[in-house]
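Note that the chains take the letters A, B, C and D in the order they are written out, and that residue 1 is the start of every chain.
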Amino acid sequence: MTLLAIIAVLFLGGILAWLSEHWKDGASRWVALLSLLLAIALLGRYADHTGIATATGSAPLWWDSLQLNWIPRFGITFFLALDGLGFLLLALTLAMGLFGLIATWRDVGFRRGFFYFNYLWTLAGVAGVFTAMDLFLFFFFWEVMLVPMLLLIAVWGYEQRIPAAIKFFIFTQASSLLMLIAIVALVYLHYSASGQLTFNYRELLAARLPPATSYWLMLGFFVAFAVKLPALPLHTWLPDAHTQAPTAGSILLAAILLKTGAYGLLRFTLPLFPESSLAFAPVAMSIGAASVVYGAVMSFAQRDMKRLVAYSSVSHMGFVLLGLYALNAIAIQGAVMQMIAHGLSTAALFALVGALQHRLHTRDMGELGGLWGNLPRLSAIALFFAVASLGLPGLGNFIAEFLVLAGSFASSRWITAVAATGLVGAALYALLMMQRVFFGGERSPHQNSGPPADLAPRESAALLSLAVLLVFLGLRPQGVFDTAGPAVADALQHIDATVAGTPDRYGAPPGDTGAVADAADSRWPPSNPERGISP
Amino acid sequence: MTVVAWIPMLPLLGFLVLIATPLFSDRPLPPKLVAAIGVGSVGLAAILTAFLAATQFAGNPAAELNLSLWQWFSVDGLQLDFGFHLDWLTLVMLSVVTGVGFLIHLYSTGYMRDDAGYQRYFAYLNLFVCAMLLLVLADNLVLLYLGWEGVGLCSYLLIGFWYRDPANGAAARKAFVVTRIGDTAMVIGLFLLFTEFATLDIGELISALSTVQANDPRVTLAALLLLGGAVGKSAQLPLQTWLPDAMAGPTPVSALIHAATMVTAGVYLIARMHPLFALSDMAMSAVAIVGALTLLLAGCSALVQSDIKRVLAYSTISQIGYMFLALGVGAWSGAIFHLMTHAFFKALLFLAAGSVILGLHHEQDIFRMGGLRRKIPFTFFCFLIGCACLAALPFTSGFYSKDRILLSAWDFYHGFNGIWLAGVLGALVTGFYSFRLLFLVFFGREGEASSHCRDANNTAMVLPLGMLAVLALLGGLLAPPLQSVFGAAGAGHPPLWVEAIAVAAPLAGIAMAWWACLYNDPARGEQSALGRFWYSGWGFDRLYDTLLVKPFTTLARLNRNDVIDRLYSGTAAASRQLHGLVSVSQNGQVRWYIATLAVGTVLFLALLVVL
Amino acid sequence: MSALELHAILPLLVLGAGIVFLLLQVALRRGHRGALFTTLATLAAAAAACFQVARLLDGGVTSIQSTGLLQVDHRALFICLLLLVAAIAITVLGFSYLKHRCDRKAWADSYPEEFYILLLLTMLGACTLVFASHFASFFLALELIGLSLYPLLGFAVNGDRSPQRDQLYSLESALKYLLLSALSTALALFGIAMVFAASGALDFAGVSAAVAAMAGGPSLLLAGLTLLLIGVAFKLSLVPFHIWTPDVYQGAPTPVTALIATVGKGAVVALLLRLFDRLDLFAVPALTGLLGIMAVASMLAGNLLALMQPNIKRLLAYSSIAHLGYLIVALLIGGSAFGTEAVIYYLVAYMITTLGAFAVVGLIADGAVELTPGGSRPLADSGSDPFHRDYYRGLFWRSPWLACCLAAMLLSLAGIPLTIGFIGKFYIFAAGVQGQLWLLLAAVVVGSALGLFYYLRLLLAMVQRDTEATGTARNGVQIAASGHALLASLTLALLLFGVFPQLLINWINAL
Amino acid sequence: MPIESIPALHTGLSLAAVLFCLGLAGLLVRRNIIFMLMCVEICTNAAALAFVVAGAHWSDADGQVMFVFVITLAAAEVAIALALVLQFYRRRYTVDIDQLNALRG
């Protein structure tokens, strides 16, 4: 029930925040803060599960689960469950939610209540995504998180907010429709083969699919997740959305929403379609490597500081894709680490850009320069996160990128070598940003209003806590690996079984595929036992 | 042995204190306190190193220490500890880093006295020392890489320390990016090693290598990739271009990072991984050739420079070329020995040059100097000792180390060979450029800048200069016992004339310098084409600019609006066009509507025939 | 005709009685509220009658043939009930519409009561169509709907305070619909005649036998069926027979638009379902093929046409074209129980959502009537046209409740979760996957992506922050309590069935 | 029973089809709403004629019943249509169908 409570707290908190603004100006912030803290406290109840070593195979996979009937007609249940991976990402979600809230505490002036309503609902949707273990429910949350995000961008964004919001929404929505088709087809094929109608993730893992069909379905899932990730040819929504979103929205987008794509690949695409994933892995790895390099080059070319950070996300998430499809534990653990580390570092960078925008009213790096003189604190912290994003060892991002590359090197040397050049690219754009904004001669875009104020203690504290977390992840990352370990091993086990050619997963006799196709004629889903619609 | 852990920890604490206070308070720390923290932390580390050397290592060539602080990470076969390994090689490096580092910190308190970024400077410097110590202490390649990148970052920060000048920023970025290119090769090398040997622990790796056949292509490839990293960090061909520009940083930084410690990390890496290199003839030749070429190229460039620091920078590249040459001929301990002596005399030279520059109010052009020996005699003597060592005049420290290298080169190839010849030519050139520098700055006519020269040395600067001068002179006696690390080297006995040439070459160079600079009146601006070519560092900068930088930036700029996005905006535009097209049908005319109805009906009836 | 047969068509009888009663009532004493009350009572009674008949059907029989013309079964009853509920909503909308425009005190010549009579007549036609099992009843019902819709479409003429422009629009829409609908009915009629000529039967059972015996290739029967299909497609406004839709939707009084979009479509869908089911036309590849082509064309053209459309009623018209295309996808998977269930669920979703959308639009327009009296043509600026998108700019900040309702409807149309539209779309996908109609599913995806654009544009216009120059509508829109109640119940249903679809699924299967 | 063997049905239906097409052509070429209404009537009556022909062929009274229905409803339709045309004429003083194009786009 705790899982449900976490999500419910966020949903209800959102509504309450909206209403509270009518009673008292500024109350919504506190409501949002309280509900986030409450959710974190609830999540904290699982903290003692962390770090259970992979070796104890007998430990139940789910730390906690909750299953309620929802739509029995389709075998859909309200099935929430938490494991190590889910816990990590949920923790990231709530932590970044809290960070975004605190970092932009005073930024929101317009319709504050409604802002925090959307903010919390986005978080709630994401929390649902990370815990839903019924494919329908997963999709449900997957979509639910989009609408409030859309509004965050469209209402509180910057100049080009409406087109950016629409682009963001259409990209994700159109691709997720493909996923919906794939989900339904998967369930249907499973049903016609086994006679069991279910959307339950665990049960669908046992689905036997004809290889060709499986490949298409896998692509359906992949495209949806690749858009969210974002991977190369599907990434163009991201720079616009990130740039136009308000700071808190950018933080949510970068730190959390992108991770849902990676999470989906790891949780669903790989285990559900092991054969196809194996066949597709070289393509996916190439896409990942291409994203790494292309993102870095694009990032280097930008003038808008926020766009630069946005493209750097493309580059960083390319590592995630590369790692996931390297299909070995090292790389996947690296990808998981990258999700967390990238979440922290990019969120901080967006917060910093937001802080600059708030002070100087521009993000154009052509108009900025030499800020170190007036804003040493902000600049130093920006330096830290720029350096984190270029993958300096000792910080979480390095561990992540190192493991991803080390793992994927075993799978494909050339692709990894190409991706590794992204490290140089990262240095190029991160340092260019530092140079153009913080170093060089002082160029304040508006001289008349005096020097801008440096970071307030509130902002410093929020940013520094992220910095400390990154350092901690860089030096003592083992806790994360131990926590995510069982889930990663579980996802990999299906791939490994495929590689090994275990008969119960793979290599159904040729006659069976025909049977599956024929089964399309069977009535589906089964009519209600009481009475059918038509005679 | 937690003493070991404290050695890098102290500078780290210093860094944290220095960086944390401005984050939480608006008032800067008093400069005295900053200096105490900055210098004290490194000094304490030096004392600890000395203590360690005295208690554990003195008289025990085979001494080793291992310390695992915690398990760093362990993922499916990739297990690494955050652990230190200490042997004589490490100890040499530790001593150089903490010792020379301490002296340069001390010097900096004087040199940077009036700078606004005093506290930031010492923070960076402490962080650098910490990273460098981690680099040399690491017992696995990933931790080494951590230090490796850490020093790169500090180098970046310190080159661009005076951030207001965009040129400094450009130089800093160039340094970081160029070394990062090498680092990327190195990290790929690490992946290769891990894939092949399933470990990245240096000890385990080396024992795993014992089962590998010589000249195994995997080993060659791995060695070459590591060489890539070393080449980047140590500013060797073809990644040497960043170092001359790196002189944009404060001069003590050039002394510490770009002469004594960081740039020699590549040498340390190869020495540390020497069993790997020794397994591959090709890798060895590559190291030797890189070294030989670099030392000549850089030496020639040093000949024609006009900036005092750039001369020293090229000289550093050239001297590290010697070390590479030594590594390439298997003279591991020779390389490390030269590394050590070079750290002493090059730090001395840089610090002395710093005194000159400060005395001349930040004038760096040697053609505007001249005749300074009477005005700043102490600096002159320090500089003289440095140049003597650099030129490897007999009985200076440089002489011992360089001599060993040339002998090893002769031995390795069993007689006369190109590598040796390059070394000897290099010695000639070294003698030439080092004394050219000395003559131009301290002898001859007084230059335009010389007239208002003052003696800028204060106690904090004199003390390190003096100590370094002593070390540079007597460093030759401190040859560390490295045979437990590298194995005993068979002492060769080349013919006497070979030794004689090695001694004579620098003297000839000095004579040439005298002839060129004091006998003839040197004047700038009349450089030959070759001179201009050398001046520009053999045109590498322009080459890279045309081949790599320009195309990259142009391409990036052209694609600023993301060509892939065209695909989608094109789709959107097409949809809008289509909308316009189909909307034409909704023209409100009933008769047209009836016509569509009729046509549709006919069409459907026709389709019926088809379907 | 036995008592059972009479009992079975009780809803029709109730409606008929209501019409007669209302006629008498109006003849004796005019009164807007009185007419409203009678109408609501009639509709409610008819709905109750549906339940009563459903109870009758529980006794084992699955369907009751009432004379040769009508057949009552569960599905028909459910749809009938659905239509009646929709009619109740439209009545409320109509009341609001008329109240703002037909002020008897100011203008003695306004007769709002006729609206209700015509509405009930339409309902009688629609319900008859749902029960029809014979081409005669089919034709009669279709014509009844048409004949009562023509005056309803032109009803703005009756009003006095309707802007001149609205009156002309209304008239134009009525005339256009009349001409085109008459032609399409003639086509369908000709088709029926051909079917009759080929099979010798006019009842569905008889024709079914002939269809079963039909050989492949073109034949008179097939040609007749195709013409019939075209007639039906016209009513459903499937491309390429959609062309009347936007004009009629735009010009008609908004409640009538809602009527034609929901009841008009719903009844025809029910008929199509029954036609395909009883005549087993799923086995005729030519017809399913044509239907498939129309579905794809509707999804693509409908969404494309709507793409940049600034007029909301036209936009909803185009979007309804697309939605009928989606619905046909579900229909096309053949006679399986699941396909039917999918069609009905989608129909429910479509009706709730469309009603809701038109309700908001209509109520907002009603609120704006006071501000645009008389009406010149064309309007000075788009911001003061209550049907223009610009009028909705910043609506969310002025009338959050109305905007929320419209937003919910738009999201439902776009198929976003938490709304019934999502479940409907899910059904379409499930049906499409089962039928392996990949091409159609691709068209659904493309269409949906296109659709998102214009739904979002409208949605985001409502939350625009800059509220400069939106003309006269500075303040919140004032609407009556009945309007609020209607919107609340529609939104509630939308969310309830979106989050707990099992409730509705049970009802679909149980009634 | 193969349709080709019954010439009467064939001829009758063809006549009806021709009649229908005439009506349709009239709809397309006439601009006067009144004439267009007449053309629609022709179409409707063509269908009605087809019913009669088919009914005769099958010796079934249903065809004639349908004929009566069609005629009746067509009359009702025209009555309403004329009322609408009258309203339109009152406002625009024309019965030209091409003037009826305010709604478009």
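Assume a contact is a pair of C-beta atoms (placed from the backbone, for glycine too) under 8 Å apart; a residue touches a chain by one contact, two chains touch by 3 or more.
Keep in mind the model is a prediction, meaning the values are calculated, not measured.
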item: Both-way neighbours, i.e. chains that touch chain B and touch chain A; value: C
item: Pair with more cross-chain C-beta pairs in contact, given B-D and A-C; value: A-C
item: Central chain (distance from its CA mean to the mean of all protein CA atoms); value: A
item: Maximum centroid distance from chain D, chain identifier (CA atoms); value: B
item: Chain B and chain D, separation of their C-alpha mean positions in angstrom; value: 94
item: Centre-to-centre distance between chain C and chain A (centres being mean Cα positions), rounded to whole Å; value: 41
item: Inter-centroid spacing, chain D versus chain C (mean Cα positions, whole Å); value: 26
item: CA centroid of chain B to CA centroid of chain C, Å; value: 77
item: Numbers and ranges of chain A residues touching at least 2 other chains; value: none
item: Residues of chain B engaged with two or more neighbouring chains; value: 583, 586, 588, 590, 594
item: Interface hub residues of chain C, defined as touching at least two other chains; value: 175-176, 179, 183, 187, 246-247, 453
item: Every chain pair meeting the contact rule; value: A-B, A-C, B-C, B-D, C-D
item: Residues of chain C defined as touching chain D within the complex; value: 135-136, 139-140, 143, 146-147, 150-151, 154, 157, 167-169, 171-176, 178-179, 182-183, 185-187, 189-190, 192-194, 196-198, 200, 202, 219-220, 246-247, 250-251, 309, 311, 314, 377
item: Residues of chain B touching chain D in the complex; value: 583, 586-591, 594-595, 598
item: Chain C residues within the chain A interface of the complex; value: 62-63, 73-75, 277, 335-338, 340-341, 344, 397, 411, 414, 416-418, 422, 425-426, 429-430, 432-436, 441, 444-445, 448-449, 452-453, 456-457, 460, 463-465, 500-502, 505-506, 508-510
item: Footprint of chain C on chain B - complex, ascending; value: 575-576, 578-580, 582-583, 585-586, 588, 590, 593-594, 596-597, 599-601, 603-605, 607-609, 611
item: Chain B residues within the chain A interface of the complex; value: 19, 22-24, 70-78, 82, 142, 145-146, 148-150, 153, 156, 160, 163-166, 169-170, 172-173, 176-177, 180-181, 183-184, 187-188, 190-192, 194-195, 552-553, 555-557, 559-560, 562, 564-565, 567-568
